[in-house]
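Heads up, the next two complexes both have chain A, just with different partners, chain B and then chain C.
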Partner chain A sequence: MEVLANNLQVLFQGLALGSIYALVALGFVLIIRATNVVNFAQGDFAMLGGYAMVLFLVGMPGNPELHLPGFEMHLPYWLAIVLAAGVMAIIGVAFNYGVYYPLRNRPFLPVLISTLGASIFLQNTILALFNPQPRPLDKLINIDGVTIGGVFLDSQYLVILVFTILAVAFQYFFFEHTLIGKKLQATSQDKDMARLLGIPVTWMIIITFVYSSVLGGMAGILVAPILFVSIGMGSTIALKAFAATIIGGFGDVAGAIVGGIIIGVIESFAAYYISVPYKDAYAFLALFLVLLFRPQGIFGEKVSEKA
Partner chain B sequence: MGRSLYGLIAASIATVTLSLPAAAADTIKIGLVNEASGANAEAGTYTANGARLALDEINKAGGVLGKQVELRLEDNQSTNPGTVLAFSKLVSEGELAGIIGPIRSTQIQAASPTIAKAGIPTMIGGTDPSLTHVNNRWVFRCRPNDSFSSLVISDFGVNTLKLRKWAIVHSTDAFGSGGKDALVSALSKLGVTPVLVQGYTNNSQDFTPIVLAIKKSGADIIGTYMTNSPDVGIFAKQLRQLGISAQWVGSPSVVTDTAMKLAGTALSGVYGIADFTPGASAEAKSYAEKYKTRYKTDADVYSSWAYDAMHIMALAINNAKSTKPDDVRKAILDIRGYKGVEGTYAFDENGDGLRGYNVVKNEDGKIAFIKHIDFSEKK
Partner chain C sequence: MNDATTKPGAAIPAKLVVSQSNALNLVVIAVCAIAFPLIPYALHVSDYVLNIFMNSVTYAMAVLGMVVVLGYAGQINLAQAAFFGIGAYAVGLGTMAWGLHFWLSFALGMGAAAIAGLVLGLTTLRLGGHYLAMITISFQQIFDLVLVNWIEVTHGPDGIPGIETPTLFGLHLTDKRAYLLFCAAVLYLLLWFVWWLPKTRLGRAMRAVRDNELAAETIGVHTLRTKVIAFTISAVLGGIGGALYAAGFSYISPDNFNFLRSVEFLTAALLGGVSSPFGAALGTVLIVLLPEWLRFLKSLYLAVYGLGVILIMVFMPEGIWGLLRGAFHRVSKPRIPVVTSVAPLDFAVKEPVDRPILKLTNLQKHFGGLKAVDGIDIEVAHGTVHALIGPNGSGKTTSLNVVNGIYRPTAGSIILDGVDVTQMKPHARAGLGMGRTFQNIRLFPTMTALENVMVGGQRDNNPIHDGRDALVARALSALDFVGILDRAHAIVRNLPYGHQRLVEIARALAGHPKLLLLDEPGAGLNQTEKQELVALLKRLRGHGLTIFLIDHDMGVVEKLSDKITVLNFGKKIAEGAPQEVLRHPDVIAAYLGEGPTTNAAARA
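Coming up: the complex of A and B.
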């Protein structure tokens, strides 16, 4: 009985962390599909989401060296989430115009470096505005969790699982059953053709950046009560999420979700049964094996370079 | 044309930069290799604050050898390569009377050869015992080392709390592994073999497997050597969530200000050892007040040792009446009975200044001083 409970506990933690990887991976994939570029700042969207919550729920400490006065703000939790999503949307637009748009006609490498630069810039901006101390964040639901049959279900992890399911359902509906979703799909498949058909490609790409920035921000907000809000919180998650996109199939939406959850669960079980210190290695071992035996990923189609 | 213009600009910038140090030649310079960015930047802020507080006191009191003291900060990006670079950079700028190094054992280990080569007295806060036992005569420790921390943890757990089923949880970095080895050997001297020894890498996101292993082992006391505050916070919460009520005696990281803020009630009732406790002595109390007034936040160990290091460096230079490295080194080793905020300093031939710890308890988010355990007489 206890063995079963322990295994379920490990499974639950794996699923929950995997969902976070999946959410960030989803953001990766959307941008890959729209622009053919891996956005190295995707993890920092999660970090920004966390700090936006700190801003609205607690305030900003200020920075005497930059002559920035600190201030306090104590908004209700729901309003803070709405405002944080708004901030993430604005960041998405700014990211599009500041990081991607000026380089849109260049090969993918300059854009990639540009997102890497944005990542460093964002982390250091936050370091200057909020001091480097990690901060706690309240949970969405004000109870710690429930214990069912010896398995402790953290309320925040339950929220994460529910949100992931909703986000995936929304995304499916949005892309498959709305006109704008279909336009986004067309844009990601062939920009020139989409343009010929009268689809405003520039707008579609802005929408993609906004969407994936908000999604990344939400992942950060959801995970912050457990992993705390810190400058580096996005980096570890992004690395695993990136592995998830490759395992799932580079640029495949379903693949990103499945890949994220696979990594979360593998990590969790391998840590429990084999060894904790090498936990991070298992995710990348899985990545390595997939690259060896199924380089296109689980859901990826085997395609040669487009002519 | 364009290129020669750039050359001209570059040359003039170089000239300006090179001529700067000359203007500030009549100060005594002390370097500080610190974590200003990267994973541990939060701790680095405290360290710089502590050193600056001491610096201002020294300068206000007339400086050292009649000169004002100047602090040269160098960021090590919280990494080992960054630390080596930072030391090389400080040393290459020259004229340093002393250096205050980092608090992380692993970083000091990496930079040790650079320190030895530079031959400049360097104060360190890393507590891995081996750091002062590698034939590097330029390293001086302003905190008690882990051979004492493990003696205190095991002594308190076995003799005061009377618990003998130990689980040890440790980070796999140099600090955590060194601490684990010392704790295992200290426990074995008390006739105790731990029922579980479990490592983890820093910045782990989930401690469930470790918590389940502790549960399975039936341990009634947990001894920890954890490096980062977020790890302490996550572990503490999951430990309590999964219903483990074993006692916990940890290395200083469990009673830092940041860890307590992050973990909230999950760290209530936890014992930690601390080299710095505001309630432990008059010096510590007055330092805590000064720090709070100036920085609007509570002082913790990351700041207090740097404060002591700065004062000891100044005291040694004053006593030596010289900034020659050999004279300063001798003066540091001659220090006996200097009352710092971390305790009473007496440096031994290895460069270890302190040999005792305070045991403290987190009582609903407030640190309560329990007892001071000192091994000085057993030296």
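Coming up: the complex of A and C.
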């Protein structure tokens, strides 16, 4: 009985962690589909979301070396989330114009490297503004959680699961049942044709960047109370989210979610049963295996070059 | 010039002489190269400065690896620091923990890097692109985790101190300056190798893969093998750099080989110029020196560095070396060798045999529910021009893509001159003499016309002599045959459309095709160009070449073809001599729609 409860506990944590990967992976997939670009700074959106919360809930420590004074700020949690989402939206627009737009007509490799540069830029700008000390963040709900049948359900994990379900439902509705969603789909499938039909492609891509930036930021905000807010938090999450997109099927929305959850669960169980220090390696091992035996992923690749 | 005319063809490559400006270049480079490692001897430099030299030299080797894999073959590698680390840990652990000789450890490091590169390359290079970026990062992360956590073997985060410099031919390189000199010599050797590589068969194949992988595969380049070799060479260069680094600094720890270092190698290559080894060396020196120069930025340095990466991608896609070279070429036009005479193109067409050159049996290609090709049978007879026509969407190009191996057929078989090629990859089919051109021209845009055609000539089993001279001669003959010999040294990207089409045909001809597949050769040409094309294709037929072509232009098809097959909705609806097929009621109906013709057919 206790074994079962333990396993359920591990499964629950895996699902919650996997949801975070799924959220970031979803952002990945949307950008891949709209622009054919793999955004290596996707994880840093999560990191930025976390730091935006730190900014609004605690303040900024400042950097004496750069003569930046520190200050404190203590806004209510809900307002901080709204403001953080706004910050993420602005970052999404800036990212589009600063990183993607100048290179939009170039092959994928320069754009990929450019997003890598953006990742380094974002991480180190934050490092200069805040110090390297990882920061804790309060939970969204001020209770520990509930215990059901010997399994402890942490409130933050529950929040993550609920948010993920809502986000997926929203996304489904938005893309399949609204005009703007259809336009976004058209843009991602054939930019030139979409443009000829009068769809403002540039705007659609901006919307995509804003959406995935906000989504990434929310993932960061949700996971921060569990993992702490740190400069490197995004990189680890992003790599696993990317592994999730490949396992699920490159460019497939459902695949990203399923892949993310699979990775979260594998990681959770492997850390429990095998070893904790190598926790981050299991996702990659799973990825290697998938690439060896089913390189098109569970749902099949959705982005491919025509001969 | 006179002797070139007496020995047609073969003597031309020797005429690609080093011009004066090139000679000057070489002298400047040689002087800099020799002076660089001697600076520590001439000036009394501190250990700190010596370390900067050491860093530059060993990093440059890893960056040269990036030139091969990214610059030449166009494949990303974000784990170069891991390969660098494999070399370093082989020397560190080999000499310190396992008591092995330095050079044995060095060799082990190279071997381990090669194996790691090979395995990683084989598993992911068939996917390419984004996957490769991801997998190399994963490998880098796992390598990092292992270095830090597998303490019993790697000594963990504390690293390995006390690594000693080696002895070479009885010479103790204990003096850091002497060791630096030795490393510089190794670097120059590698620099020469990487500079020489693009001019080889393998190097051309790599560049072809970078410029257009699909075209490279269909004209006979084993693209996967080429990519894996490029990746492995890159890993080995990283390994060599790391091995020498370990002894140069006598202490290594996991921090030296993390992801950020991989990005640094990548940035150095991009900054200097990723397709040039000299640019890479320059970029490395800059990347090592930049933190020293930009110290005033303090904690913002890395942020500025990240911004710099984006700016390089936007404003300097060819790096500093590209800018320098561009400026240099504007001042002194590089001399292009004049080709005076070449041997006529030899087609080596075999005596006609009874069996068809190409035999398609019940060929099918379905995409989900769509039956693009739905069970066609075609025989292309030796020495004929066979045209495949049909309305838009009738399955012509799909058929050609299946014949040539870009698509696997859903069912049916493809026999090329008696050999079943149904399961073969495109490059293997090209190796058996299947040549092809594309509707939307697919050349290697950054290479010269001559190089493009040479890649076509270097297919497996091409009946020409071994060696570069024969290949060049073959390529020049092919260019001459299509009438653009004078453009041999032009970069094809700069050629007009009509000429590009001719280069593509010449590229296919250089491989002695038994069967030439032409996908709408007249597409996009004006009337004059079209007439020239028809004349060219007639000459090809005159030489006994077998051609299977698709075209929309009935004028072209009627003038050229011995036999026409008509497709509609993936099925063959008519076949025969041009005159009868073009008057066939079903064919007219397919092109012009149903109506009176159908009635006429019914009445008749």
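By our rule, the second predicted complex is superposed on the first by the 296 of 307 C-alpha atoms of A that agree within 3 Å, B and C clash if a C-alpha of one lies under 4 Å from a C-alpha of the other, contacts with A are read in each partner's own complex, and residues count from 1 in each chain.
The working rule: a contact is a pair of C-beta atoms (placed from the backbone, for glycine too) under 8 Å apart; a residue touches a chain by one contact, two chains touch by 3 or more.
Please read these numbers as outputs of a predicted model, since none were measured by experiment.
Visitor: Clash or fit: how do chain B and chain C relate after the overlay on chain A?
Guide: Result for chain B and chain C: clash.
Visitor: Name the contact category of A:271: first (chain B only), second (chain C only), both, or neither.
Guide: The first partner, chain B, only.
Visitor: Can A:145 be said to touch chain B (first), chain C (second), both, or neither?
Guide: first
Visitor: Return first, second, both or neither, reflecting whether A:127 touches chain B, chain C, both chains, or no partner chain.
Guide: both
Visitor: With the two structures laid over each other on chain A, which partner does A:226 touch: chain B (first), chain C (second), both, or neither?
Guide: After superposing on A, A:226 lies in contact with chain B but is clear of chain C.
Visitor: Is chain A touched at more residues by chain B or by chain C?
Guide: Greater contact footprint in residues on chain A: C.
Visitor: Once chain A of both complexes is superposed, is A:9 in touch with chain B (first), chain C (second), both, or neither?
Guide: A:9 sits against chain B, while chain C stays out of touch.
Visitor: For A:280, decide between first (touching chain B), second (touching chain C), both and neither.
Guide: In the superposition, A:280 touches chain B and chain C alike.
Visitor: Clash-wise, after the superposition, say which stretch of chain C runs into chain B: 133-141, 151-159, 331-339 or 475-483.
Guide: 151-159
Visitor: State which residues of chain A lie in both footprints, the one left by chain B and the one left by chain C.
Guide: 124, 127, 277-278, 280
Visitor: Going by the contact rule at the top, pick out the chain B residues touching chain A in the complex.
Guide: The touching residues are 37, 39, 41-42, 44-45, 172, 198-201, 203-206, 208-210, 212, 216, 229-230, 233-234, 237, 241-243, 258, 261-262, 264.
Visitor: Any idea which chain A residues touch chain C in the complex?
Guide: Per the stated touch rule, the residues are 32, 38, 40, 63, 65-66, 98-99, 102-103, 106, 108-114, 116-125, 127-128, 235, 239, 242-243, 246, 250, 277-278, 280-281, 284-285, 287-288, 291-292, 295, 305, 307.
Visitor: In the complex, go through chain A and note every residue touching chain B.
Guide: Contacts found on chain A: 6, 9-10, 13, 17, 124, 127, 131-136, 144-145, 147, 152, 154, 226-228, 230-232, 236, 267-268, 271-272, 276-280.
Visitor: Could you please specify the touching residues of chain C with respect to chain A in the complex?
Guide: Where chain C meets chain A, its residues are 70, 74, 76, 78, 123-124, 126-127, 129-131, 133-135, 137-139, 141-142, 145, 148-149, 214, 259-260, 263, 266, 270, 298-303, 305-310, 312-314, 317, 401, 406-407.
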